[in-house]
Amino acid sequence: MQPRTTPRQAEKVMTAAEAVSRFVRPGSTVGMGGQNIGRCPVALAHEIIRQRIGELTVVGCNLSISMDQLVGAGLVRRTICGSGNLERFGTTFCWRRAIEDGTLEVEDYSHLAMVTRFLAGEMGVPFMPTRSLLGSDLLRAAEKVAPAGGLGGTAGRTAPPTTPHPDRPVVIDNPWNPGEPVVLVPALRPDVSIVHVQRADAVGNVVIEGFATHEPEMMRASRHVVVSCEELVPNDEIRAHPEQTTVPFVHVSAVVVQPFGAYPTSTYRYYDYDPVHVAAYQAAARGGAGAVREYLRAHVWQCARFDDYLQRAAGRERLEALRRAMQEMV
Amino acid sequence: MQPRTTPRQAEKVMTAAEAVSRFVRPGSTVGMGGQNIGRCPVALAHEIIRQRIGELTVVGCNLSISMDQLVGAGLVRRTICGSGNLERFGTTFCWRRAIEDGTLEVEDYSHLAMVTRFLAGEMGVPFMPTRSLLGSDLLRAAEKVAPAGGLGGTAGRTAPPTTPHPDRPVVIDNPWNPGEPVVLVPALRPDVSIVHVQRADAVGNVVIEGFATHEPEMMRASRHVVVSCEELVPNDEIRAHPEQTTVPFVHVSAVVVQPFGAYPTSTYRYYDYDPVHVAAYQAAARGGAGAVREYLRAHVWQCARFDDYLQRAAGRERLEALRRAMQEMV
Amino acid sequence: MPAPPGYSRQELMVIEAARHVRDGDVVFVGTGLPLLAATLAQRTHAPNVVCVIESGVIAPRVRPTPVSVSDPKVMYRAVRLGTLREVLGCLLQRGLVDLGFLGGAQIDRYGNINSTVIHSPGGMKRLPGSGGGNDMASHCRRLLVITRHERRRFPERCDYITSPGFLDGPGARERAGLSGDFGITVVTDLAVLENDPETCALRIAQLMPGITVDAVRAQTGFAPGVAPGVREVAPPAPEVLGVLRDEVDPDRVYLREDESVSAARR
Amino acid sequence: MPAPPGYSRQELMVIEAARHVRDGDVVFVGTGLPLLAATLAQRTHAPNVVCVIESGVIAPRVRPTPVSVSDPKVMYRAVRLGTLREVLGCLLQRGLVDLGFLGGAQIDRYGNINSTVIHSPGGMKRLPGSGGGNDMASHCRRLLVITRHERRRFPERCDYITSPGFLDGPGARERAGLSGDFGITVVTDLAVLENDPETCALRIAQLMPGITVDAVRAQTGFAPGVAPGVREVAPPAPEVLGVLRDEVDPDRVYLREDESVSAARR
C-alpha cells in the first residue's frame, strides 16, 4: 500500500529540490527512466547529487548517463539492471570502474527480465514468469541461491525451503507441462522512480511521446514517482485526449517543470541529444575519479539550479539548435 | 509460432465473408472483443452465424450480445469468461439457458484472471500469477483438478504429477515467501480474435479509442486477429501518430471495413448504442429458442450483407441519430 | 407522476451509501445505484473521489446516467481511457483502490458474495458470473454493497462464493492468501449491516427509518447481531437529495419514483 | 579523403549480413552495423522487412544514421512507438521475431555470447551486460552476429554466457527450456561462420575474398570445421554498394573510409 504523503488529487508541482528531498532518501531504491541517449532524468539526478543522497540502489533496464553520474558522485551502493552503456558513446565508465574496483554491487538481468520484474510490481503480484535467462549465466548465478527443488507445492508449507535472494530469479517446472523449466523473477517495486517526460499536468497525469521503454511498468510499480516535464499542461488538455495519457495521476507524487530536463540526452518531439556534451561527459568519466569530480563540481555542485547548468553546458543558442534539429526530424 | 497465411506487410483488407471463412474454423477458440453494450463485433459474429461455423469455444472477459447470438445459433460448445451479461439490459439469456440446460460448458474466471491469461499468451509464457480467485469457489473448482502438492521444483521432473486441466488455475507457494499461496492461470491463445475498432489501415495497424478492456492483450495473444473497423485510414496517418496505435499490424490477419459494425452496441466517438434494438434482441433471447431463431433469421440469415441488417434493424435516420448522440457526448 | 414530497427508501439507500465514501478515496465502481452513490459523494462531501471503472476508465466526469461500464457517459472527460489490465491489475490488485462497490444475488453471514449460480430444488439458476467482482473483493480494503433486503438474498452460506468476504470467519482471508485489512458495509432497504470486527459476521449497524431489528432478522437467512449504539439512518439533507435528483439521475434511470419512504414495506 | 575505388571489407561485411535478411522477416535490431545491414536489406532485396527496436519502436522508416536505440532517427515514422514490453515481450518472447542481430565481446564454439564480463589474469573487465541480447538469443529463430575476427573474441568457451547459443551442443537448448529451432550466422572480416546442423558448433561457411581457412583458424580460439562447398563471399553488386554508401550511412558514421578490401589484413 502506497503511503499517502501527497493526496492523490492534490496539485503536485514543486521544485526539483523539494521533490528530491521529500521522496528520495538515503538507501532508497531508485527507478531510473530513460534509455541511452534518450530522455534520461538528468535534472532530477543532478538534484540527488546536489543533495548528496547516498547508499542508493539504482534500478532500470538500460542505465545510462544519470546512473553513471550518481555512481561517479559515490552515491550508489548497488545497481539492478539489464545494461549500462551509452552505445556509440561508449560504456558507463564510472559504473564499470566501480564494479571492477569492487565498490559497487550488481545484479544482472536481461531487459525483458527487468521489465517482467516491474510488470509484477505494477500488477501487485510477487513474481512473474519469463522464458528468458534459461541456460545462461544470468540464471546460473541465481540457481545457486535458490535451488529449484525447494520450490512450490504444499511441500513448501510443511518444510519451508531457504528463501531465495529477493533480487534473483528462480526456476520452476511449468505445472501444465512438467519438465519444462520456467524462470520466475521477483517483483521489483522502487521506492521512487525518477522520469523525465514531455508533458504532465499539475496533479501528475503524464504523457510520454516516442519510445516509452520500461517506464510505464516501472512507474506504476513504484511507491512514489517524481517526474520532470518539458511542459505543464492544463488538466483539461489531458481530459481531451484520455487515450494518450501514459500514466495517470494516481501513481505520481511530484511534478517538476524543467524544460531541457534531459539535456544532454534527447526528448522526443522537443530536442535532439547533444553529442558534444555527451562526449564531454564521457571523456570525464573515462578520465577517472578526479575528472568526474571536476565535471560534477562544474556542472552540478557549482550550479544552484539546473538552468545554470544548461547555460554553462550548452547556452541558449545551442539548446535552440537542438530544438530545431528535433523539429526537422518529427 | 504464428502460421503465416498472410504475409505480415501485405494488404489485408477483405470482406467479412472472406475473413471469417479464412480464419474461423469449426472448433476454433474465438476471442471476443467488446464489452456489454460497447464495441461488440456484431458484424463479424453475424458472419460466423451466416456461415454456420460451429463447435466454437468463445473466450473473453465480459461476453455480451455477440456471444449470446452465437450461442443462440447453436454454434458454441464452451465459453471461458469472467461474465455474461448486458448489465441494465439483463443477462445473456441464450447463454444462461444453454448452461441451465446442460448444453454449454463453462469455465468461470474473474475479469482480471482472464486478462492475466491473455497477458501470459501475449508475452509468450505458459502462465501468469494472480492474487485474485483465492478463497473463492472459482478457485476451488480448479484445485480439485490440480492439487498444489503436485507442482513445482525438481520433484515434478522425476515424478510428473497429473497435468492440470489446460483451462483451469493452480496454486503454488510464493517461492520468496513460503506459505503465501499464489494462483497461476494458464496462458490463453485464441485461434482467432474478432474485434470491432474505430480505425485501421490496410496492413492491419489498429487504433482503438475510448475504453480498450481486454482487447490489446487478447489480440496480441491470438494466432489470428480479424478486425472490423469504422474507417480505413492511410498508413501514413498511422505513422503520423505512432503512440496512438493500439495494436500494430504484425498481430493482425484481416481488416474488414464495416461502418456501424458494432450496432446495436456503441463505438466510442462514432455512435451511441441503440437501447431500442438491444432491448428487442433481449426480448427475443428471453423469449426462447424459437424467438431467437426468428430474430436470427430476420437479422442475419435473411440479410446477405451486414448493411442489409443495418437497414432492417435501424435505418439510415436512426443510425445518424446515434451518431449525433455520440458526437454530443465526446 | 411527480416526485414524492419526502424521499424514497431507495433514495435514502443511495444517500446512505454515499456517506461511506470518503473524500480522496479511489473507488472502484460499476453502474446502477453504486455509480449514483459514488457520483453523489463526489458532488457533495467528497469532491476528491477518484472513480475507476473496469473497462479502463480512470477519473471520469460521469454524465447522467450511464447504464453500463462501457456506456460513453461513464467515460466523459476521464483522465485516462485505457485497458482492463491497467484498472484491475495496476490499480486494484496493486493495492491502490480504497473502496469497491459490489452487487450479487446472495450475500452470506460472512459477507461472501455469489453472482455465479443459485441451486434450488427446481434446478440451477445461472447468474452473470464474477466480472470484476471477485477481483474487487480480493483486493479492495473496503467493500460496499447496495441490495434489496430479502431473505433469499441473505443465506447462512452462499451456494457459490464468487467474491470472498470473510470466508469462514476470523483469519480465513489470511489463510486463503488474501489481505485481512478488509471491511464490508451492506446498505439495504431495511438496514445498514457491517462486519463485526471480532467475529467477522455481518451485524446490524443502522436501521432504516421505522424498521426494527426483528423486521431485519425476519428478512435475513442468518441471525445478524446488533452493533453497540445501533441507530436510525439519518434522513437526507435536502441539498443532498436535490443533487441526487437533479444532477445524478435526473431522468430517473435507476431511481424509481413509485416508492416513498412512507410507502415502503415495514 | 575520397571513397576507395573498390569496397572495404567492412562494407562487404554489412552487405553480406544483409543477404541473410529474408523479405518479410521481422528483424530485431540495434544500432551500428546491424542496423545498416537491416536497412540495406530493406532498401534492396527485402522491402517487406519489419524492423523492431527494443526501446519500443516498430517498423520505422529509419533515417540515416542513428547512433542509439533511443535516437530519434531510429523512430522516424514508425507504425508504433510503445514500450519495451510490447517489443521484447509481445513480439520477441511471443515468438514473432524471425531474426535478431546481436553483438558481444566473445562468441564461442557453440555460438554462446558474452557481453557481461571478461576474466583475465590481470583481473576482470566489466562489459555493458545483456541488454536485450539474452532475450534475442533465447527467442529468435535465427541470430546474426557481425564482429571483427580476433582470436580473443572467439574463445573455446565464453567466460560468461550472457546470451545462449547452443550452450553445450546438441540438445542443450531444449534441455535448458529453450527452443531448438535455432540457427546462428556470424559475419566477420575474415569469414562467414554458421552452426553445423549436426554438432551445433560454428564452422566456416564462406570466406572473405583472399582469406584462407588457415587464416581464419589462426584467428579463432577453437578449431572451426569447414562446411561442404565453402566458397568466397560474393562481391557486392554496384547498386547495393551505392545504396549502402548513399542512403544507409551517407555520413559514414559507422562505415570507415580507411580500409579497402585490398588493404585489409590477410
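Should a chain be cited, it is by its letter among A, B, C and D, assigned in written order, with residues numbered from 1 in that chain.
The working rule: a residue touches a chain if its C-beta (ideal position, glycine included) is under 8 Å from a C-beta of that chain, and two chains touch if they have at least 3 such contacts.
Model, not experiment: these values are computed from the prediction.
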{"item": "Longest centre-to-centre distance from chain D, chain (CA-based)", "value": "C"}
{"item": "Chain B and chain C: spacing of chain centres that average the CA atoms, whole Å", "value": "28"}
{"item": "Distance between chain centroids, defined by C-alpha means - chain A, chain B (Å)", "value": "36"}
{"item": "Between chain C and chain D, centroid-to-centroid distance (C-alpha), Å", "value": "59"}
{"item": "Of all residues in chain A, the ones touching two or more other chains", "value": "116, 123-125, 130-131, 180, 182, 209-210, 243"}
{"item": "Numbers and ranges of chain C residues touching at least 2 other chains", "value": "75, 81-82, 85, 89, 92-93, 139"}
{"item": "Overall pattern in which the protein chains touch one another (line/ring/star/complete/other)", "value": "other"}
{"item": "Complete list of chain pairs which touch one another", "value": "A-B, A-C, A-D, B-C, B-D"}
{"item": "Residue ranges of chain B in contact with chain D within the complex", "value": "1-2, 4, 7-9, 122-125, 205, 220, 235-236, 238-240, 242-243, 245, 248-251"}
{"item": "Chain C residues touching chain B - in the complex, by the definition given at the top", "value": "30-32, 53-57, 63, 67-73, 75-76, 81-85, 88-89, 92-93, 116, 123-135, 137-139, 160-164, 167, 172-173, 176-178, 253"}
{"item": "Residue ranges of chain A in contact with chain D within the complex", "value": "34-39, 61-62, 81-89, 91-92, 95-96, 99-100, 108-113, 115-116, 119, 130-138, 180-182, 209-217, 265-266, 268, 272-273, 275, 326, 329-330"}
{"item": "Touch list for chain C against partner chain A, complex", "value": "24, 26, 48, 50, 58-59, 61, 75, 77-82, 85-86, 89-96, 139"}
{"item": "Partner chain B, residues of chain A touching it in the complex", "value": "116, 120, 123-131, 146-157, 160-161, 163-164, 166, 170, 172-180, 182, 184, 186, 208-210, 243-244"}
